[in-house]
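Two complexes come next, and they have one chain in common, subunit A, joined by subunit B in the first and subunit C in the second.
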Partner chain A sequence: MIVLKSSDGETFEIEEAVALQSQTIAHMVEDDCVENGIPLANVTGEILAKIIEYCKKHVEGGGGSEEELKIWDKEFIENIDQSTLFNLILAANYLNIKTLLDLTCQRVADMIS
Partner chain B sequence: MLPEACVANIISFTSPADTFSSSAVSSVFRLAGDSDFVWERFLPSDYRSLISRSTDSHRSFSSKKEIYRCLCDSLLIDNAQNLFKINNFSGKISYILSARDISITWSDQASYWSWSNVSDSRFSESAVLITTDRLEIKGKIQTGILSANTRYGAYLIVKVTKHAYGLDLVPAETSIKSKNGQINKNTTYLCCVDEKKQQMKRLFYGHREEQMATTVQAVGGDQKKREPKGRDDGWMEIELGEFETREGEDDEITMSLTEVKGYQLKGGIVIDGIEVRPN
Partner chain C sequence: MLPVRTTKRVFSGAGDFTLGKKRRRCVSPATETKPGPDLLDSIPDDLVVSILCRLASTARCPADFINVLMTCKRLSGLATNTLVLSRLSQKAIAVKAQNWSDSAHRFLKRCVDAGSLEACYTLGMIRFYCLQNRGNGASLMAKAAISSHAPALYSLAVIQFNGSGGSKNDKDLRAGVALCARAAFLGHVDALRELGHCLQDGYGVPQNVTEGRRFLVQANARELAAVLSSGISSRSWLTLSQPQITNSNQIHGHGCPLLSDFGCNVPAPETHPANRFLADWFAVRGGDCPGDGLRLCSHAGCGRPETRKHEFRRCSVCGVVNYCSRACQALDWKLRHKMDCSPVEQNDVGDGEGNVQIDGNVNGDNVLVPMS
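Up next is the complex of A and B:
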């Protein structure tokens, strides 16, 4: 289990497989500096909760078929407001979660087009 | 405000047109919109190979956006036998196959066809019809080199000279065939039909024309009467038909125009090539 600490002091305990979807966290685990939890100064508790929700669904083999995941992603992204969306982009960029970054950016791109 | 890399990621999901217009939003958008990351996404996947096959193969580019602009201005490839172009706003691919790159029956016979440099042609040679009673023109293209999920139209680029004859009696048949069996057929006139002239002709040749017309229905599958239409490059175009491309599929499309049923001698039509462009 890995402990993540948001910028506003909330802690989240999640399974390693879920956390490793973030390349940033994966590097930290490799470098073995996760003893006392990982502080994420750039991510608030609210956003981190959303990210963990996404990562839990997308853990390999656990989320369901490709079709089901697509539908889940669509609902996930359509139910968030603009400021949360932008904060998610920043967090996904910082945490280096490519699939979430592409999903959020595609959503903004669709809004622009 | 989002960092440039994120903005670039967002913009890369839009279109070239949106990228151009979003550059005016802020300096971050402008920088993101100029980035190689974004323009690499809009370039056709085989752009390196296209450039190496072109007359510009030795040119060096300072950015992917510059390469994109170059492709929008069109590129002569394969010994200048074909023209490749992408649309500035959508990034969609179009090709013009030169007359040398398509098959024209008897075009190697000097008594039927001559090859010459026509002043406003995009190629070094166009095929000029001297005389024939058998007009058969065929071009082939693979859908894999075109933009996916796009509706394309094929057009024969032509000119009719002052001394043309026999082009307006019997309509020609056009078809688009794909290797996986789909066929789309229509008919078209080879030159614009002058109604008054037609009426005069019918007075003298009415019966003969009726006989010949029964061999080819003047109206195509979709009930439209087709004629050549003007282009903005000084040429006319005859629509051969339409086809759709699909992601991941590489089909061979054969586009043809034939007039072989009228046994009517014709001459004076100039063929520059076949254009395949998104509709």
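Up next is the complex of A and C:
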């Protein structure tokens, strides 16, 4: 179990498989610096919660078929307001979660057009 | 980034393509508000570029993309990044012939320089057929074709088959077939049809009727698959059409009707913006501007003009319509000409270049022709 600490002091405990979707965290785990939890200074608690929700759904081979996952993604991304969306982009970039980044950027592109 | 058009007209270079056609607005249902002014500022440039890349590749009309260019200096600068321009989708480059202007031309040129294949193809077609700049147009299309752009390969094949831009002796059938084959292997429906007919007739390749038929069937199948996958809900048009029997009026004597008759009655495929441009261009300029007696391909979705007299071949039955390629003939027959075609007493077949007549089909009795 890995502990993540957001910038405003909230802690989240999640399974390693869920956390490893973030390349940044994966590298930290490899370099073995996770004993006291991982501080994420750029990410607030609210955003981190959303990210964890996304990652839990997308854990390898879980969550159902491709179609269901797509539907879930669509709902996920359509139910958030703009500032959360942009913060998610920045956080996904920082944490290096490619799929989330693609999802959010595509959403913004669709909003612009 | 709500566009503040009153103050933002003045940016270096980018101001050029705000003129002309780019003013056109798409009617996009504004169900969401655009991102607020400070939100995009918080995102670093490279992320904005990646957002704009996605926007470019999913834009449904040019205005979607051009709006960004007109929003603010930062976005305009980032949007003209080569990465973004090279990903512009086919629909985003869909210039309208009425709105053609120097700035549109320059914009396309910028996209070409950024490496966009669609822009290379579109600009190549425009330069070759409309602006009469044959060499340049062909080389642009070749640029796209080298990178395996199927429509570009097919267009070059048509040019080779007809010897467009040169004399009758510039026809290079084998090169045409080679190009057609490459386009066909990429799945281009018109190229598949063209190749099928070439094989059936031994035109530019050794004759091989079974292979030819195989390609024609594949073309029908792909066309149907494309239509189905685009999710048209009402299937009332989806009926199998019975082929009309041919009668003795066949010059080549290949007894089978155009295989498109055996397909399903699919609606017309969506035309490429470049073809629409050509069709509009010549319509706007009144009939065929290309010159005296030069005709247009009678297939409305094609729009190609002749580049010399009697370049295109005509329907052998009625002699009224003419086509740039067999694929256009097949498609037009299915969509429209079948209803209008009626045999005319052909006394005088010769017309200068001794054209090979493409066979049409004749309405006969409604007898089922067994598939051979």
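Convention: the second predicted complex is superposed on the first by the 113 of 113 C-alpha atoms of A that agree within 3 Å, B and C clash if a C-alpha of one lies under 4 Å from a C-alpha of the other, contacts with A are read in each partner's own complex, and residues count from 1 in each chain.
Keep this in mind: a contact is a pair of C-beta atoms (placed from the backbone, for glycine too) under 8 Å apart; a residue touches a chain by one contact, two chains touch by 3 or more.
What you see is a predicted model, and the numbers here were worked out from it, not measured in a lab.
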| item | value |
| --- | --- |
| First (subunit B), second (subunit C), both or neither touched by A:Ser83 | second |
| Subunit B versus subunit C as contact partner of A:Thr11, first or second or both or neither | neither |
| Touching partner for A:Val108 - first (subunit B), second (subunit C), both, neither | both |
| Which superposed partner A:Asn93 touches (first subunit B, second subunit C, both, neither) | both |
| Partner chain in contact with A:Gln23 - subunit B first, subunit C second, else both or neither | neither |
| Shared contact residues on subunit A - subunit B and subunit C | 86, 89-90, 93, 105-106, 108-110, 112-113 |
| Residues on subunit A engaged by subunit C in the complex (per definition of touch) | 82-83, 86, 89-90, 93, 105-106, 108-113 |
| Contacting residues of subunit B [partner subunit A, same complex] | 2-3, 5-6, 9-15, 18, 22 |
| Touching residues (chain side subunit C, partner subunit A) in the complex | 1, 28, 32-36, 39-40, 42-44, 47, 50-52, 54-55, 58-60, 64-65, 67-68 |
| In the complex with subunit B, residue positions of subunit A that touch it | 86, 89-90, 93, 101-102, 105-106, 108-110, 112-113 |
